[in-house]
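In order of appearance the chains are A, B, C and D, and numbering begins at 1 in each one.
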Amino acid sequence: MSENLGRWPVSIDVAVQWGDMDAFGHVNNTVYLRWCESARIAYFEKLGLSTGGPNVKHGPILARASVDYRKPVVYPATVRVQSTVSRLGNTSAVMNYRMSLVPSGERVAEGESVIVLIDYQTGAKVLLDAELRAKVGALEEQGTG
Amino acid sequence: MSENLGRWPVSIDVAVQWGDMDAFGHVNNTVYLRWCESARIAYFEKLGLSTGGPNVKHGPILARASVDYRKPVVYPATVRVQSTVSRLGNTSAVMNYRMSLVPSGERVAEGESVIVLIDYQTGAKVLLDAELRAKVGALEEQGTG
Amino acid sequence: MSENLGRWPVSIDVAVQWGDMDAFGHVNNTVYLRWCESARIAYFEKLGLSTGGPNVKHGPILARASVDYRKPVVYPATVRVQSTVSRLGNTSAVMNYRMSLVPSGERVAEGESVIVLIDYQTGAKVLLDAELRAKVGALEEQGTG
Amino acid sequence: MSENLGRWPVSIDVAVQWGDMDAFGHVNNTVYLRWCESARIAYFEKLGLSTGGPNVKHGPILARASVDYRKPVVYPATVRVQSTVSRLGNTSAVMNYRMSLVPSGERVAEGESVIVLIDYQTGAKVLLDAELRAKVGALEEQGTG
């Protein structure tokens, strides 16, 4: 199945806020992780995967996150954050993110995260089942990457 | 010189704030990058390296950052963030971070970042000179790692 | 002139990010101040008033800020933040903010801030001159409030 | 009872993080609200009042918050945030905050918030009962203000 992954089917646009900048005068490094998070949640929503709530038995947690910073971003700007699932393991998935300026398309950063599905009660890892795999596959097929 | 690096000479304690938690009820993933940043700045200060200001010609920027999340952190807690320079290249350095609960010492996360020294006017990379290398070496020798 | 103020000429739309929510599961109280700040900066930009930089001699600082929280906001949502100058004193101005859901228009919060123009070198208050007053008046006339 | 209120019984120290500063080079206005929140939570904890969780029926929400900014704060600094309940109404309470540098004691800001106790299910306001009033009174008596 993995040849069908990594096709960047989900994209959100985020308006940089003035307050995202730090004392260096450009967007603070932590803000990029927030953008990745927002893109990840958008992806989960397209999957119909719940992102929390009192009756949810298991859900995704972040095992690893990384960002490669290409260009400093300064306010005002709009950043397009694309997301894709590039790998599906037994109990984990790899998501990738591309962050680019709108409308120039200039790449400003790339991100990657490893997500694990866990049982909220026990903390144990949960297998990514066939239904979820099919949903991810169907969503990725809508991508153009 | 690199055999003397990676000795964890700098450490800060950060009190988790209630508002660091997100809707999942544990500390949000972006907060760990903020902790790494604070530990990095503390390291720079011990080096006597400026972290910005109108008369500074060159300074560090972040080229890459990553976090490995080991255990969720919930308020209230105090997190010890240790930092070290583990590698010194020609124009870049690798810093590592260890985040642990105080007083239990339980490891909650690890971080790594690649830092590049740039000329703020031109944006060009600047060589890490002998003086800076000597300062890093002397600071690392104070570590116990 | 003050009869021409308070006409809400500037408006921005902000997409709520999932990470804006805290452990109570709704948007954290500090985020509303960030929205007010973004609306204030948007207002300053329309005035042609600089919001910082190395060559700027004087600029606005915040003397007071308040928020009245009407309704909890949860992700996903878009919030429209309108801003207006409601009063111009000798050295200070009062700005007001209205935050409403898009597209329902339901009011979720109101904000107010007192802004003082200061000389960055001396820290002394600076008189709001006739040129600035005229600019604010002209901008407010474009409002519909 | 109100003559026994406003005695500042609770205090927390917060280390300013470098990343708390914005592009103006001092601590961003939203961070002060975060400090007030942390001081409020510390007060609730001393009362034994829960700050959320799946089995909690009613809890405090913020109806209003304000900050008076006295002096800009720059990293590095430690800020002491004192909190007190200054008024207890039927369904609401007023809390006040004082923020000062440590160790100089220089006042940097003051804050106030109006807190309402609500039923999380219905959203209706809940009466502040005699038990809670007694707890607040006892805690305030430990203050020195």
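Just so we're on the same page, contacts are C-beta pairs under 8 Å (C-beta built on N, C-alpha and C of every residue); 3 or more make two chains touch, one makes a residue touch a chain.
All figures in this text were calculated on a predicted structure; none of them were measured in a lab.
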Selected pair, greater C-beta contact count between B-C and B-D: B-D
Reference chain D; chain at largest CA-centroid distance: A
Centroid distance [mean C-alpha coordinates] between chain C and chain B, Å: 35
Computed distance of Cα centres, chain B from chain A, in Å: 24
Computed distance of Cα centres, chain D from chain B, in Å: 31
Numbers and ranges of chain B residues touching at least 2 other chains: 18-19, 23, 25, 28, 30, 34, 37, 51-52, 75
Contact set on chain B toward chain C in their complex: 18-19, 21-23, 25, 28, 30, 54, 75
Of all residues in chain C, those that touch chain A in their complex: 12, 14-15, 17-19, 25, 34, 37-38, 41, 45, 51-52, 75-76
Of chain C, residues touching chain D in the complex: 23-24, 28-31, 33-34, 37, 51-52, 59, 61-69, 72
